[in-house]
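Read through the structures below before going on.
The following pair of complexes shares a single chain, chain A, combined with chain B in the former and chain C in the latter.
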Partner chain A sequence: MKGKTIKVDYLARVEGEGALYLRIKADRVAAVQFKIFEPPRFFEAFLRGRNSTEAPDITARICGICPIAYQMSSVHAMEDAYGIKVEGPLRALRRLIYCGEWIESHVLHVYMLHAPDFLGYPDAIRMAKDHPEAVERGLKLKKVGNDIVTLLGGREIHPINVRVGGFYRVPARRELEPLAEKLKWARDAALETVRWAATLPFPEFEQDYEFVALRHPDEYPFNEGRLVSNKGLNIPVREYENHFVEEHVEHSNALHSVLKDRGAYHTGPLARYNLNFDRLSPLAQEAARAAGLGPKCLNPFQSIVVRSVETLYACDEALRIIGEYEPPEAPAVPFEPRASTGCGCTEAPRGILYHRYRLDKEGVILDAKIVPPTSQNQKCIESDLWEFVPKYLDLPHAQLQHRCEQLIRNYDPCISCATHFLKLKVDRE
Partner chain B sequence: MARARKPKLAVWKFASCDGCQLSLLDCEDELLAVAGAVEIANFPEASSAVVKGPYDLSLVEGSVTTQHDAERIHLVRRASKFLVTIGACATAGGIQALRNFKDVKEFISIVYATPQYISSLNKSTPIADHVLVDFELRGCPVNKYQLVEVLSAFLNGRKPNTPPHSVCVECKQRGTVCVMVARGTPCLGPVTHAGCGAICPAYDRGCYGCFGPMETPNTESLGAQWVQLGVKEPDLVRAFRSFNAYAEAFRKASEAHEG
Partner chain C sequence: MNKPAIEDERGTERSTRPGRLRVVGCGNPYAGDDGAGLEIVRRLRENWDGSCELLDRPQAGLELLDCMQGADVILFVDAVSSGAPPGTLHLVPLPSPDLEARGLGALSSHGWGLTEALSLMSALEWQAPRLFLLGVEIETLAPDKPRSEAVEAAIQTVVDSFARLSALLLVLCFRKERHMDHRECHAERSEASSSLTADSCGETLRFAQGDKAISCASSFGGPTLDAPAHGTFAPRHFPPGDKSFPGGS
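What follows is the complex of A and B.
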């Protein structure tokens, strides 16, 4: 067999700088490395010596796409350390702001980053020339997500209103009313998004993943629940580090996270969906079924449909929360600092985000550990490539290369989080 | 005179969270209009199509933290007619400039098990420390309306209208009662550059300085006021040492309280 090399300098439409290296020898994949060379920023180091109350504002800066996720995991970890519980309307408002982030982040990915792959465009702007209705719907829907985050958080990127114990200021009922009107439109638009995404062409590719997500007794998970998998894991968040380990590999500035003794696992929308289908609202379940998805979905390329279903759920849930909202008596639950260790794990748009902090008696951070979803999915991305490439070796180079990029984008990788430039290089020998 | 072609826009990323370039995609109402007025020639986060330089306007996000990036910024400058930095990372080094006050080797060993795999400079530095910058837009993150204003200004050959006064003026414009005077809440608003629209005081908290220092800030007087409100020196150091820690006025203020 004649040796060949494929090189791509960038994988675009991902959040961050990374690279992919593939070596193919005589029709066999010989090496796969998903590299992240996003420059390290050392958050865990400079959090040392900062006050626990600063963590939500500081860790938000890890990611401009999902700052709420960082704020939520950090405040839950601090509240765990201080032994306080945020309940009632404050808890509901946290869920509401998270709905906003899921909508904003999922819609960005579905319409602007991933759909162009399926329809053959370099970006959503060029896609808009032939599909103006879809792109305009996407932009408007994304805006509703941002409107929720802006109202509750003060602004869409790095919101300022989340704090340990609750919020600085909570909205009055009438402030939420205009949001409800927008959300009614958004729910219809999200339903249309599910239908539209289901018509995209999906390559045949199913994997026997170990899915890991939060599971809550009666809710589709955002902030709370046990960590469960489809292969027997069922632990409280506090035991995370007994079951998951981070490995430092030479080709990446992001640590790889694996399940002890088992290896790669899959987190994110597909994992949440497979483990929590029964917790989706009836409307979201019905839309998923009508789109041809069962309660299980093992094809990562269909994650675009699952993201759309989750967007629909988030609109539905946001409307429910607004409908039931009664303002709390105080915007936050008071707490007393104490020497302790606290953990928090919440469902970022891209999957589980774990934080752990050890605090001194004044509430100063002694050490911090943060495990973002993309670093957990890195290994899974690599194993998908190992499986996918041999099946499609007959494709012309340009197409194979495009398929590999698309496969990586199935995970909506956020490389800024994981530590950006995704370069793809395929060597054929 | 009609333009023969659309101006070419490029967006470049250095060490950052992506939030400032995301601000452009968050202009949901203006995005297609902006895309109609320019040729988006290099914006990897949004598009896989790359058009060769030179570019009429480059937006640069992020700070310089690696040797590779210290070299890359010169290539960006050479390929750009105008270079505008967006956000606290690109204008002041960002939150990652907290390393500038410590030993970076220790930082690497805290986060990574195998430090020899990591290459990073000792300091996180703003773009203007490396190349000529035509305009700096502040904020962590930038305000998206200010970003559209900057784009519009450069495309029309005028100066951007981004007032350099303090957040205090924006509180007055918004009709927010002063949180420091009325409630005794420590606030960095009096020394912080305007642009956000004074969000924090409107949400019952003090400004935390994410737009960096205003023109000629009186940090000494504000520090004294904070002390009177009962804020301790180490907390003052931390307050000045956050997202714009390495901006000169805030750096000096934090050092003055370090004692």
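What follows is the complex of A and C.
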């Protein structure tokens, strides 16, 4: 293959609008651009002047798939600013609602968006004709995740029950019981999902990533922990901006995030798994091992198996939380607004989601910074393409293009989340 | 997943109990006329007599599959764009060759809408109740713009005529309508001169050039087809101000 261009104007089965441009010159990759052309959304700008208590409901609107992540990062940032800590059953309920989001988001990607790649279908509808059992399992499993979010969040999409300090309303024990019954089925279905995903054919491709994820002393991370990497990063969330910077590149409406002096890094299920395997429940660890995964997994195509393992963990963890649940005395911890800056970072289904807010003494937002996981993974996606394409140059054009698209989908990119405030730079000569 | 248990639920009770109608409002309340379906459901709720079930699905995606069970007739109320004058009402049985996919439908979960949900149900061979679309022809989708006068009037027409509409749909449901099957649907589609684009999420017009290959759903009449079919309910279109809506049975 000599000079060649691979161009995908509309990437399929990703959340939002993106494109891929790849130029190959004399059997070498000459250019790679993962383009995000979805227009900027200006959320950070219109948070200014709004009260800190409005942030969870406003930011939840950034994404219909992972609104809980936005609510969780924003409330933790506000609580950091106000110096309050949400503990006990309220803290557990926050983990529970996050379990719901991981289940619905991961299952959507595993079955509806990613699996068709491995099984050779253009979309889930055509896959469903030949694999109805798998698709039905996926739909039902996803619904259990939605049911958790509905019960704790008030509705399944853009939930409205999360607030700074806790919740507006908390469930009684008996309200959680029907959920536990569904979750027992879901745990088995998730186990079956891990087994099923492990049978898919994976291209050989391993990368020496710098993985970045939260790490907590004794939990698989959702809302708390230090930011760590496999290459020496170990910082509290407050120091995020000393180590990570966002850069504007011309071909993307989403800022590229890099580790200072080091460049691309990888966040998301694969990063969490590699950095926190020992924090998974015994059932999830066992299922991962049975699926042929060790404590380390460096092949991004196997992220579908890792997502399935995390889904299993989320079902298991949700059942544990429900089993131990005693309703709190109050649905929320009180707080007093004060002039301050607060940071929050939580593990969205697609990776770390960082929020920082500067507040005045009334609790009004003076400025906001939001760094979603997909914008952090953009550079990593491009570096995967740089490495992957030379190894598969012999493939026919259509197959190579498909492999490249599949590689992007390994990251479950949520382009709608990633597009945000774009700095305007004008070069004049 | 167990197949939706509509067949069992209907069975012998059918002749003795009233039919169950569910109305599902779709659309984006923040984009001009796109919120028409949601607004109809909201107004119906104000004078609700319990005779039907009212749901709103402002973010209608895969979740639409969850509301397909436990009713005899489901009416989706949504904004549509077909080129007819704004405020035109379209009453269309589903699946319909006239209903286009949203374009990004198969591609992104952000693009999932009614057509995609129906296609997936069909692929899975799920049985469904009788389905209809009540489409309100839109004028504007501009964010923050008030609804256009024509659409406002159409909304009121639907609300005022709802008792007759509801009776019509339930009569049709028990009249053993003939359902179009998958191949017929495709054949008609290729001949269709105009098409509707149902908009379940507020982004329709941007992606009107869609993946036509999946643009039509197929045959799931299932349990409602337990007697010989006689005739097809033809789509009905009511121009703005047409007082005959929804027409007789």
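Criterion: the second predicted complex is superposed on the first by the 410 of 429 C-alpha atoms of A that agree within 3 Å, B and C clash if a C-alpha of one lies under 4 Å from a C-alpha of the other, contacts with A are read in each partner's own complex, and residues count from 1 in each chain.
Operating definition for what follows: a residue touches a chain if its C-beta (ideal position, glycine included) is under 8 Å from a C-beta of that chain, and two chains touch if they have at least 3 such contacts.
It should be emphasised that the depicted structure is a prediction, and the values quoted were computed from it without experimental measurement.
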{"item": "Superposed partners chain B and chain C on chain A - clash or fit", "value": "clash"}
{"item": "Touching partner for A:R50 - first (chain B), second (chain C), both, neither", "value": "first"}
{"item": "First, second, both or neither for A:R174, with chain B first and chain C second", "value": "neither"}
{"item": "Partner chain in contact with A:P67 - chain B first, chain C second, else both or neither", "value": "first"}
{"item": "Partner chain(s) touched by A:K129 [first = chain B, second = chain C, both, neither]", "value": "second"}
{"item": "Touched partner set for A:I58, first chain B, second chain C, both or neither", "value": "first"}
{"item": "Touched partner set for A:G154, first chain B, second chain C, both or neither", "value": "first"}
{"item": "Partner chain in contact with A:K143 - chain B first, chain C second, else both or neither", "value": "both"}
{"item": "Among 112-120, 148-156 or 184-192 on chain B, the segment whose C-alpha atoms clash with chain C after superposition", "value": "148-156"}
{"item": "Touching both chain B and chain C, residues of chain A", "value": "10-16, 64-65, 108, 112-113, 122-126, 128, 135-136, 139-140, 142-143, 146, 156-158, 416"}
{"item": "Contacting residues of chain B [partner chain A, same complex]", "value": "13-23, 25-26, 28-29, 31-32, 35, 40, 43-50, 65-66, 69, 94-96, 98-99, 102, 104, 106-108, 110-114, 117-118, 120, 124, 140-141, 196, 199-200, 202-205, 208, 210, 235, 238, 242-243"}
{"item": "Chain A - residues contacting chain B, complex", "value": "10-17, 38-46, 48, 50-51, 54, 57-58, 61-65, 67, 108, 112-113, 116, 122-126, 128, 135-136, 139-140, 142-143, 146, 154-158, 160-161, 163, 168-169, 246-250, 253, 255, 331, 367, 405, 414, 416, 420-421"}
{"item": "Chain C - residues contacting chain A, complex", "value": "1, 58-59, 61-63, 65-66, 104, 106-110, 116, 119-120, 123-125, 214"}
{"item": "For the chain A and chain C complex, residues of the former touching the latter", "value": "10-16, 64-65, 108, 112-113, 122-126, 128-129, 132, 135-137, 139-140, 142-143, 146, 156-158, 416"}
